[in-house]
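Two complexes, one shared chain (subunit A), two partners (subunit B, subunit C).
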Partner chain A sequence: MNETLQKAKRKVPLTKRFWWPQMLYCIVVLIPVTFLYLIIRIIPVAQTIWMSFYNWHLVKPDRPFIGLGNYAKLFKDQLFLDALRNTTVFAFVSVVTTLIVSLIIALMLEKTMRWKADTIYKVLFFLPVVPTFVSVSVIWKWIYDPSYGFLNYLVGLFGIKPRGWLIEPELALWAIILFFVWKNIGYYMILFLVGLKNIPSELYEAASLDGASSWQRIRHVTLPLLRPMTLFNLVMATMMAFNVFAPVYVMTMGEQGAPSNPVRVIVFDMYENGFRYLKMGYASAEATILLVIVSLLTLLELRLVRSEQ
Partner chain B sequence: MKTSKLFLKVAVMVFVIMSLCPIGGASKELTLWTGYPEMEPFFKAAAQWYQELHPDVVINVASFPLREVERKYAVSLPTGTGPDIAEAHLYIAQMHIENGSILPNDEEIDSYLKSGVYNPLMVSESTWQDKTYGLPILFSLDSMLWNVDMFHEAGFHAGPKDWDEMVEMAKKLTKYDAEGRVIRSGLDLRLFGAGSGVAAKWWYFLKSAGGDLFEEVEPGKYRAAYDNEAGFETTKLYIDGVHKHRFTSFEIKHDTEAFANELSAMFVREAWVVGYMRKNAPNVNFDVSPMPAYKKTNALYFWTNLYVTNSSKHPDIAKDFLMFVANGPKLKELEDIMYEEVGWLPPRNDALTRHPDVYERIPQYKGFTTVPENYELYPYPRVSVTDEAFTKLAERLVKIYQNESFVDDHDGLRKAIHEAAEETNEVLKDAGLYAQE
Partner chain C sequence: MNRSLLKVSKASEIVKHFFLILGVIFSVFPFVWMILTAFKPEAEAILWPPRFLPMNPTLQNFVDVFTRWPFLRFFLNSFVFAGVSTFTIVLTSSAAGYAFAKIKFRGREILFFIFLATMILPLETYMIPVYLFVNRFGWINTHQGLIFPYIIMSFGLFLMRQTIQTIPDELIDAARIDGCSEFRIFRSLVLPLSKGSLSALAIYAFITVYGSFTWPLIITTTQDMYTTELGLAMFQKAFFTEYALTMAGATITSLPLIIIFLLFQRNIIEGITLTGLKG
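Take a look at the complex of A and B:
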C-alpha cells in the first residue's frame, strides 16, 4: 500500500503536487537561511580548500599556486603526523570513555535513583558542561600543577609520588583526555536520559514478566531502543573530539604550561601554522584533511549504526 | 498610520543629525596597539598628555598579550586595518617592514634616531635598505637576578661572574626536602612550557658559549649555528643542572613567579621583573648582576620600537605622537611612569640625567641598564622565521632536558642537537632564507 502510494507520488511532478504560492513562500523563506549558510559555512570551507593549493602566507603578498605541494609536505611533516596520531588516540579514548561513562550514569539515574536526590546528581554531573572550555581548562591547569596542584595532593594521600601531569610527555595527553571526558560526561548523560525517557515502560514490564534480569533488560530493551540517541551522541562526540583545541591551547600556554608536542592535536597544529607562523595555505591543507577525516568517520558511524538497525 | 509616519520622520531626522555631527566632537581618532600590557599606563598617559596639547586628537590604546598582538598585526597590517601606531619587536616588525605595512621614518624622526640619543645598535637594527623604521620605546639588558638573602645565607655577596661560578653557587643555593625533592632552585632554568620561551632562554646561554640560533652565511641567507660545541655545552648545562647537579627540577615552579615566591635563588630575565616584584613581592630582597660569561662575555640588548603603520589615516599625527613620546615636553613624566610603574627602561642614553636618583631608589635597574666593561651586546635575531625556529627548537629542547641518559651519552646529545639544527634549517629553507652549502 505504502509502496503504491510512493510510486503514485513519483509519477506526479513536484511542481504539481504543490500549489505555486506555497512553493514561492518556501523559496522566499529559505533564501535568507540559505544565504547565511552560504556565507558562514559553504564559502569559508570552499575558500579553505582553495587556499590549500597555494603557498599562502598571511603577510607576504606573493602567494603562488603549488597544487598539492602543501599536502605532500604535510605527510612528511613529523609534527603533523604526531598531531594526527595524538588526535586519533584522543578521539578514540575520549569518545568511547565519555559515551560509556555517561550511559552508565544515565542508567543509574534513570533506573536506580527514583528519589528526589536524583535531580541533585543530574545537576552535579551537568555542572561542568556549563562553563566554557577555556575557563575550566585554566582551573584544571592548576589542578595538574606539579607544585601546588590538587591532584598531586590527592594522590599523595595514597602514598603516590607527585607527578608532572602536564609536563611528563607520557602523561600529558592522558591528563587532557581525563579533563575532556569529565567536562563532557554531563552533556551526553542528559541526552541519554532523554533517550531513556522515550522508552515505553511497558516494554520493561513485559521483559520482567518474561523473567529478564536487569542486565538482559538493558541488553535487549534499553540499548536497541537507545540506538538513535547513541548514534547522535557518537557523531557529536567524534566531531567534538577531532576538533579539540581550547584545552590543549590553554594547558600548553605560559611558562608553567605543558610542552605542546606530546599533546599536539590537529587543530592546535593548524592554529600554530596558520596564526603563529602565518602559513595559511599549509594550515588550510591541514583543515581540509581534518574535514575529510571527520566526514568519513561520520559517514562510517552512520552506516554502521544504521546497518545494525 | 499617522503615528507610524511621524515615527518614520523622526527617525530620518535623527539619522541625518547623527550623520552630520561627529560623535564626541573629536575629529581625529588614532589607535595604538602594544604587546606589552605592563606598558599600558605609559601609553595611556602619553595619549592623554598628547590630547591636552591637541584637543582634536584622540589616541586609543589597546594592549594584548605578546602572541596575540603578533597575530593581530599579521591579520590587520597587510589588509590596511591595523592600528595607526604599533609597538613591536624588530623580529615581528621585519616582515611588515618588508611588506610595506610599516612606514619608513620621515626626515625628522630619522635624524632624531641618528642623533646619538640611542645606542648605535638600536639605530643599525632599525635600519633596512637605507631607511630607518620606528623609534625605540623600551629597553633592557638581559641580566641575572639573584636573591640577596639566600646568597648571604650561602656566604655569597655578588652574582656569578662566569658559568663555573654560577654552577657552584647554584649547587650550594639549592634546597631539598626530606625525600630529596628540589624545593628551592639554586639556578632557575626554563625547562618546559609551550612557545618559544624555552629556546629563547637557552639561547642567552648559547650566545655566552659562542653559538647562535642562525648565522648569516651570505647576505640574507642563514644556517643554524648551534650544531656545534657551543650548542652541546649549553644543552649540557641544562641537563647536568636537572639530572646531575640537581639545582633545579621539572616539578618546581619556574620563572618570575618562582623568584617572587622565593622558590629560586637566581634566574635570567629583563628589567620588567623589577616592576613585577615591586608590585607582587615587595619584600623580596634581590639584586641584579650581568649575564655570567663563558666563552664570550656578552648580553642581550632587548628593546622594542614604536612604528607608524600604513593603515594609518593620519600618519603625520602618528609620527608627531612618536616624537612626543620620544622627545616631548612630558618626557620626564613618561620616564617616571616607566621606572615607577612599568619596569621596562627608557631607551634614551641620557635618561639618567633626568632621573639622577633612580638607582638610589631602585638599585636593581642598574644591572639592567649599565653595560659592563668588555661586554659585547647582541640584538634579538631579526630573521622573520625566528619565532618559528625558536618554537620548534623549544619543543625539542624540552624533550632533550627530560632525557637523563644524556648526562653521560654525549654522542646521543650531539645527535639530538644535530636533529634540532636540521629542523631549524628546514624552517629557513621553507622561507627561502637558507644558505646552501
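Take a look at the complex of A and C:
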C-alpha cells in the first residue's frame, strides 16, 4: 500500500506503469474520431479547394482542370459580384448595429433593478433568439407584407404610403438587416452582460472616488475592459452574417423561385450554382472564397486578442 | 442639493425604462402579432386597417396546418435528426476530450489543433464534397444522410477537453492505481464530474442541429424527409397567400421552443454564456 502511494507521488513511473491501458483507450477512441474528422471535415475542406480548379459538373463525366478559370469567371459574374457586395453590406451594417444596440441594452441592464426587473427585461430581449430562423422569418414576412402587413399599417399612421419592403430593390436588403438585428440583439446582450459581470467592482469604486462621471466611467473603465468580449462578439456576428441564408431564402423566395438580385447573398448564389445548375466546381470556388473570408476574419481576431495581452 | 440629485437620477431612471420598454415591445411584438393572426379566420387576417384582437377567434388554422401539411412527420424527422446528432456529438466530444485532456501521447497537441481549426468553418463552406460523399453511399434523402455531417462538433471537443482538464490528475491516477480501466475511469469518474458542461453541450448541439437549414434543403428530396425548419419554409412557400394559416404554422413551430425557454430560461442562458466563453 505504502509502496503504491509512493509511486503515485512520482509521476513518471506511474504514467509508464499505466501506459498500455491508456494507449488502448487512445486507439479505441481516437482512431474512429480522427477518421470521422477526416471524412467529414478535413478531406471535404481540402476537396472544396481542389474542386474549385476543375470544371466539375455533377452529371458530365468529363471534368477538365481549368486552373483559376472558375475564379476568373466568378469575378466577371454579375450575380456573384452582387452577392458578394450584398453580403458585405449586410454583414457590416447588421453587425455594427446589433453590437452597438446590444451593448447599450447590456449597460442599461447591468445595474440591478428593483423587483428583478432586469431579469424580466433580459428574458424578453432574449425571446427572438429562441425560435429557429425559419419560423421568425415567416413572421417577419407577414409583417413586411406589401398589401396587409403590419409595418405598412404602422408607417401609415405617420402618413407614409405602403411599400413593398421585401420587394423593392432599394428596401429589401435593409428590411432583412432590420430582421437580423432584431433576431440577434438578445444573444449578444447576454454575452456583453457576462463581460460586464467580470469587471471588478473595485475599479468602478476607484473611478467614482476620483470623481469620474458615469459617462467617463463607461468610456475609461467599462469599454477598455470589455474589449476581449467585444472582439469575440464581433467575429461571431460577422461569421454568422457572412453565412446568412435561411432568412433570405424564406423572405424573398416568391412563387417564381429565385430571390431578386438586391438580396442575393453568397450562400444563396452558391446553392443555386451548385445544387440547381449542378456546377459543383464553380460553386466550390465560391465556397473557397467564403472559406478564405471566414478564416481571415478569425486570424484577424486572434491577432487583435494577442496584441491585447 | 441632494434632493435635486435624487430627482435627476429618478428622471434618468424613467428615461432608461422608457427606452427599455420600447425595445421590449420591438422584441416581443412580432410574436404577439403571430399568435393573434393565427387565431383569426382568413378574411379577418387581411382586414384593412388591421384589428388587433380576433373578432371570431378560431382554432381552424391549427387543425388545417396538421391536415394540409405533414407537420407531425417533420417534428419526428427533426427530433431523430437533432437527437441522434446530439448523442453522437456528446459521446465523441467527451470520449476524445478525455484523451486530449488527460492522456499524453505523441502528436497530441498537433492533432487537437487540426481538429480545432475546423471549428470556425461553417458547413456551407465544405458541404459540396460532403454531399458528393453522401451521394456515393446512396444516402440522399435518408436520415443517415441528414445526420452524417453533424455527428461531430469541434466546439464540443474543445469544451469537453477544457472541462476535463480541470479534473485533478491525482483523482484519475488514484483510480488507475485502484485498477480501473481507462474506459471505466471515463464512464464512472470523468462523465459524472463534467455533467454541467455535458448538459450545456447537449442543449447547444440540439439547438444548432435542430435549426440547421442549408444541409436539410440540399439533402432531402421528398416531403416525408423534411425537417421542421425546411417543412415550414416549404409550407410558407406553398400557402403564402393564406396569412392566418402560415402564422398558425409559425406558431406551432416556435411556441414549443419559447415555452421550453421560459421554463428553463436560467439553465439555457447559462448554457449560452458557457458556449459564448469559448473565445
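Here, the second predicted complex is superposed on the first by the 256 of 309 C-alpha atoms of A that agree within 3 Å, B and C clash if a C-alpha of one lies under 4 Å from a C-alpha of the other, contacts with A are read in each partner's own complex, and residues count from 1 in each chain.
We take it that contacts are C-beta pairs under 8 Å (C-beta built on N, C-alpha and C of every residue); 3 or more make two chains touch, one makes a residue touch a chain.
As the structure is a computational prediction, the values presented were derived from the model and not from experiment.
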Subunit B or subunit C: which reaches more residues on subunit A? C
Looking at A:Trp142 after the superposition, I want to know if it touches subunit B, subunit C, both of them or none. Which is it: first, second, both, neither? second
May I ask you to decide whether A:Val123 touches subunit B, subunit C, both, or neither, giving the answer as first, second, both or neither? second
For A:Thr252, is the partner it touches subunit B (first), subunit C (second), both, or none of the two (neither)? first
Please work out whether A:Val294 is in contact with subunit B alone, subunit C alone, both, or neither, and reply first, second, both or neither. second
Thinking of the overlay built on chain A, is A:Gly164 touched by subunit B (first), by subunit C (second), by both, or by neither? first
Which holds for A:Phe275: it touches subunit B only (first), subunit C only (second), both, or neither? both
Report, in rising order, the residues of subunit A that make contact with subunit B in one complex and with subunit C in the other. 147, 253-255, 275
For the complex, which residues does subunit A have touching subunit C? 4, 7-8, 14-15, 18, 21-26, 28-30, 33-34, 36-37, 39-45, 47-48, 51, 105, 108-109, 117, 121-128, 130-143, 145, 147-148, 150, 153, 156, 182, 185-187, 190-191, 194, 228-229, 231-232, 235-236, 239, 243, 245-246, 249-250, 253-255, 267, 270-271, 274-275, 280, 283-284, 287-288, 290-291, 294-295, 298, 301, 305
Of all residues in subunit C, those that touch subunit A in their complex: 16-17, 19-20, 23-24, 26-28, 30-31, 33-34, 37, 45-46, 48-50, 92, 95-96, 98-99, 103-105, 111, 114-115, 118, 120-122, 124-133, 148-149, 151-152, 154, 170, 173-174, 176-177, 181-183, 186, 210-211, 213-214, 217-218, 228-230, 232-233, 236-237, 240, 243, 246-247, 249-250, 253-254, 257-258, 261-262, 265, 269, 272-273, 276-277, 279
In the complex, subunit A residues that touch subunit B: 58-61, 79, 146-147, 162, 164, 167-169, 252-261, 272, 275-278
For the complex, which residues does subunit B have touching subunit A? 67, 70-71, 74-75, 77-78, 95-96, 99, 101, 181, 190, 192-195, 197, 250-255, 257, 263, 385, 387-388, 391-392, 394-395, 398-399, 402
